[in-house]
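Letters are used for the chains, namely A, B, C, D, E and F, taken in the order the chains are written, and counting of residues starts over at 1 for each.
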Amino acid sequence: MSQSMGARLETGITGLDSMLDGGFNEGRVVLVLGEPGCGKTILCSEFLHYGATNKNEKGIFIGMNEPQSRFMQEMAGLGMDFSKLEKDGTFSYVDATEVRRIPEQAKVGRIPVGGRELGLVNLMDMIQEAIEKHSPKRVVVDSISDLVFRYPKMEERRPVVLDLVETLQGTKATCLMTSELLSTGEGRLLQPEEYLAEGVIILRTIQKGARAIQILKMRGSKVDTHARPYIINENGIQVYATEEIY
Amino acid sequence: MSQSMGARLETGITGLDSMLDGGFNEGRVVLVLGEPGCGKTILCSEFLHYGATNKNEKGIFIGMNEPQSRFMQEMAGLGMDFSKLEKDGTFSYVDATEVRRIPEQAKVGRIPVGGRELGLVNLMDMIQEAIEKHSPKRVVVDSISDLVFRYPKMEERRPVVLDLVETLQGTKATCLMTSELLSTGEGRLLQPEEYLAEGVIILRTIQKGARAIQILKMRGSKVDTHARPYIINENGIQVYATEEIY
Amino acid sequence: MSQSMGARLETGITGLDSMLDGGFNEGRVVLVLGEPGCGKTILCSEFLHYGATNKNEKGIFIGMNEPQSRFMQEMAGLGMDFSKLEKDGTFSYVDATEVRRIPEQAKVGRIPVGGRELGLVNLMDMIQEAIEKHSPKRVVVDSISDLVFRYPKMEERRPVVLDLVETLQGTKATCLMTSELLSTGEGRLLQPEEYLAEGVIILRTIQKGARAIQILKMRGSKVDTHARPYIINENGIQVYATEEIY
Amino acid sequence: MSQSMGARLETGITGLDSMLDGGFNEGRVVLVLGEPGCGKTILCSEFLHYGATNKNEKGIFIGMNEPQSRFMQEMAGLGMDFSKLEKDGTFSYVDATEVRRIPEQAKVGRIPVGGRELGLVNLMDMIQEAIEKHSPKRVVVDSISDLVFRYPKMEERRPVVLDLVETLQGTKATCLMTSELLSTGEGRLLQPEEYLAEGVIILRTIQKGARAIQILKMRGSKVDTHARPYIINENGIQVYATEEIY
Amino acid sequence: MSQSMGARLETGITGLDSMLDGGFNEGRVVLVLGEPGCGKTILCSEFLHYGATNKNEKGIFIGMNEPQSRFMQEMAGLGMDFSKLEKDGTFSYVDATEVRRIPEQAKVGRIPVGGRELGLVNLMDMIQEAIEKHSPKRVVVDSISDLVFRYPKMEERRPVVLDLVETLQGTKATCLMTSELLSTGEGRLLQPEEYLAEGVIILRTIQKGARAIQILKMRGSKVDTHARPYIINENGIQVYATEEIY
Amino acid sequence: MSQSMGARLETGITGLDSMLDGGFNEGRVVLVLGEPGCGKTILCSEFLHYGATNKNEKGIFIGMNEPQSRFMQEMAGLGMDFSKLEKDGTFSYVDATEVRRIPEQAKVGRIPVGGRELGLVNLMDMIQEAIEKHSPKRVVVDSISDLVFRYPKMEERRPVVLDLVETLQGTKATCLMTSELLSTGEGRLLQPEEYLAEGVIILRTIQKGARAIQILKMRGSKVDTHARPYIINENGIQVYATEEIY
């Protein structure tokens, strides 16, 4: 079966690769959804770092949450030297932090354009430019929350997310995009992003503070859908793929 | 009793056919409701594939979520060769992805028409054209979410769903339509689709990540209404029809 | 006491009659509330069928959900031959499906009338005409959901439901009207229909898929208010009136 | 203490009188809140019937939910002969059902008045007229729901309820007013009526269908605030004041 | 530590004083939040009564819920003779019931003023006048609900509550203000009052009807934050400060 | 790893420093989120006090909730003498209480400016002025609730919080900002502040009144994410970093 599914891209996080039956399917767009501080950015960075270091696969990180310097420093603290990879040409950071500041009302030429549409168009352009320039095999967009939360009505939000997913699909790269959970605890509203992405991984805090990773969805893959415990330490994310959530 | 109910259409998923007391009743319109990644599309595809392969029954798949190529590739990975069936004339894919992009405001001739009404009309036309052309015995509409979520007010949404259900009933084929659950966990709001369809099957993730399938409703059938565990593997969906949800 | 309460109308569902202390009180208007597929229509049909077959009591079914042919076929599959009863003159089907299609804005003569008011007026007229024509002892309205859900504001919905209940009370027949539950699970919002009807029976799915029937309210009767398990099989609804819900 | 509290008015429901430490305090306005079919009207009627029969205390029932004939018949079935009491001059029924039908917009002379204000004014007038005419010692208003639900905003609803409570206080009679619960299950929104009334009794269905009565509040009384089981049978409400809710 | 905290004002409710580590800190503004009938007014009255009787400390009660006569009578029933204290000059009742009736739109001179602002201004004036006149050491405002519920938007409500709290702080007296809980059960929305007051005590009904008192917050004090059972009897509130809530 | 993370700033609360793996990372902006009375202000004050007393690190407290005198007195009661530190030049209090009073509509010169934007601008200016003047190593903003709650729409609130976080990041100091939880109990809505801050600590009351501290998030640190019990006594906050929440 694996063959017909196309090549797998390992994340380098052993337990997660095991849950994923080897890694992400090539060319898929996967949503990484999580609570604050649960390691969404770290998971995505490990995916890029592993590809660049072990597979010589080019990766780009489209960062909407922080400037490159902060990102670099953060990841260095977790043992990932992205400066070196950047020099080697296997990593690029695209600073997209301005997207989330685009004013509500802007103009394209003389035509007034709602700021949020502009934000979306800008992000799409950034993604496509970066892809053309770098031809990456692995892409991360961290995060889409500022963009999608501008569309509180579901009927408006669905086509926006759809546009984004299809832009990412068009790159042929394997793409992770992160997003924020809206609530904690048992039972939650499902977001349209979860249906429109081809895969969904969720990172949550469970009772008393332990953490759990779960693959909700992974089109074209036979994955382990059970929640598994994980920790974050100086080596990054460690998933205990054979342990139960107690 | 089974006789008076009309012929049964097996899904080919052994455990589910057992829960359904043999299969779907001919000519019924059934809603397949599920969380992201729970296999709504796979279930429907197996229904078509089994009919075409084992019963020589024509099937059509009206796809609003993905273009034909993605669908074909996905299902090939699960052992279903729809290309062959297409050549054999027992399968057709109707690409309806454009329906969910129809702008909010459009024009029919010189008359402005709300985009959402247009979307609905287009889908109805597509369904009817496809039926006339192919005279299928099995029909899948995957999914109706983009359409119905444009009508957040229940009093507007009910007639839309009703139109869709009656259009499908008019085809005389046995029809599955998929839709997205709005929330996870215990207790949920019921959707008008669940009342207007003649049958409802629900696919959910339960505690810790196991999956459960349940027949909420099946007009004209004596079915097993208990939730049963299932998994998705390289052979598709496996339902454990005699096991309890723990 | 039973005597002062007036005559009882048995439903023919043994367990339910036992819970009802013999049957419904003559002339009452009872709401049958339920989740999708829980047998609201079957329960009401058994009530009519039993009266016509065993008591020679005329019954009418005012159907807003499906045309007569579908209804007849459905019930035939459960062993109820309403065609025969129709020929015998003890059963009539009033097709009220058009009521739920009445456009939001309509005209009565030259006076524009809100479509929802028109829907209500039409249904009232249909009920009264049918009563005058058939003088039934048992009446079913299946269902009132399309009508009442047009009035999302409670202050508007109460008088509408009140009008309907009083119209039914005016017929002197014993009347069942069905309606849809809005949510599943523990705890729910109460609907004004539940307060305005003289009796309320609720049909729900409980944990893992078993079903429970409960009499919430039955004015003028001493009933069993505990939830009891039931199943639907080829003989219709079987209520286990002496069993506990586990 | 009891002395300083003023005289007690027994309800005649033994277990409830025990929970109330002898009965209601004279001159208090008490809210009887309950789910559909839980016996709000029966409780209030027993209160009037007991006073008239055993204490020769005049009572009036201001009925907004049903015409006098239905009320009389209902209560006769529970062994309360209000016709006799009416002839004896110890009971009067005030038909206030028209209040809930007052149109949203009405006119007082040539001045347009919001229908809901009119409804309130009418009810106040009815209450005061009835009091002047009958000088009752016991008063029931069944129910205030149609009135208060016209004011969905809390800031509008509070003064309306306040007016009503003070009108009732002004009568010097002991007054019960019934109202409808908005939801079932654990945890609920509190209504302003519960704060503005001087006492609150709640009637609910608990798990599996047993019923519980609880005194939430009783100004000037030392009451049992624990929920206690009760049933309704041919003798009316039976409260098991020494039993626990299991 | 106690010394640096300033003097303590005992409530006279032994168990509560124990939970409070001796009483309220002098000059603090404390919110007493509770369900209907849980004894908010009684708790506050005991605080005033104890101060006047045992410490010769002047107290004022600013009553928005009931006229003086009702208050006096209620408390007399619980063994508190406020008439005597009033004559002795250690107690004053300020009738502020009119504040909650101030019309939505009013005029100050020729300037139209929103009724709710007027209500707030009036209450402030009443408080300040009463303070200047009586120089009390203990102040109760019962309750602030009618005032704050006029401001359903949190951004409007915060400054209103802030004004009130600061007015009370300006009096240098120790002040209790009561308010109503919006819901029962586990988990609730927090109100801005709880953050803006310097202390918060909550009175609730727990499962089956037992009552619990809990100190959520008490700036400048080392208090027992555990919920403790209490009852209300003819001696007022009895707190079991060493018992657990079962 | 610790080295690459930059220097640690101990809080002086032993158990918390242990949970934080030594203290806060230098230059981080951390959100301290808590229920009323759970010690948000105390935690932040201990952080400043410890730095000034033990490390000779300058600290400023930007207080929006109370004037300096109240703050000083409160903390003195917990053994922290900020007056002395102020004289020593290692502590400054910035009174920002006026920010929360800025009217909804104000003018900058002749240009009308929404009051809430003005409030934000003023706070930013205050922070930057204070930083320039004092060059602190530790900064506390207590609290941001009045500011952020003026923006109930998430799409408006995100950029406001972002501006604030980036202003604080620009100071190079380690910054704590406090905010109020909106609800109690299991499961809650996540606030955008929690995603935009670099660290999040939460202080809650758990069942029956015990308190728990939990580190939800701490970018660049390997922390203990389990909830741990704590108490507040005359020595301030005591965290039991090795105990479980029962």
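In this section, a residue touches a chain if its C-beta (ideal position, glycine included) is under 8 Å from a C-beta of that chain, and two chains touch if they have at least 3 such contacts.
Note that the coordinates shown come from a computational prediction; the quantities given were computed from them, not determined experimentally.
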- Label-sorted list of chains bordering both chain B and chain F is A
- Task: Give me the chains shared as neighbours by chain A and chain C.
- Result: B
- Centroid comparison with chain F (C-alpha atoms), farthest chain: C
- Task: Taking all residue numbers used at the chain C/chain D interface, answer same if over half belong to both copies and different if under half do.
- Result: different
- Quote the value, from 0 to 180 degrees and to the nearest 5, of the angle by which the CA atoms of chain E must be rotated to coincide with those of chain F. 60
- Query: Distance-wise, how many Å sit between the C-alpha centres of chain B and chain C, to the nearest whole number?
  - Reply: 30
- Taking each chain's centre as its mean C-alpha position, how far apart are chain A and chain E in Å? 51
- Can you list the residues of chain A that touch 2 or more other chains? 186-187
- Looking at which chains touch, is this a line, ring, star, complete or other? ring
- State the ordered list of ring chains, commencing at chain A and continuing via chain B. A, B, C, D, E, F
- Item | chain F - residues contacting chain E, complex | 35-38, 73-74, 76-79, 100-101, 116, 145-146, 149-150, 152, 180-187, 205, 208-211, 232-234
- Query: Can you list the chain D residues touching chain E in their complex?
  - Reply: 1, 4-5, 153-155, 158-159, 162, 186-190, 192, 194-195, 197, 199-200, 214-220, 222, 224-227, 244-245
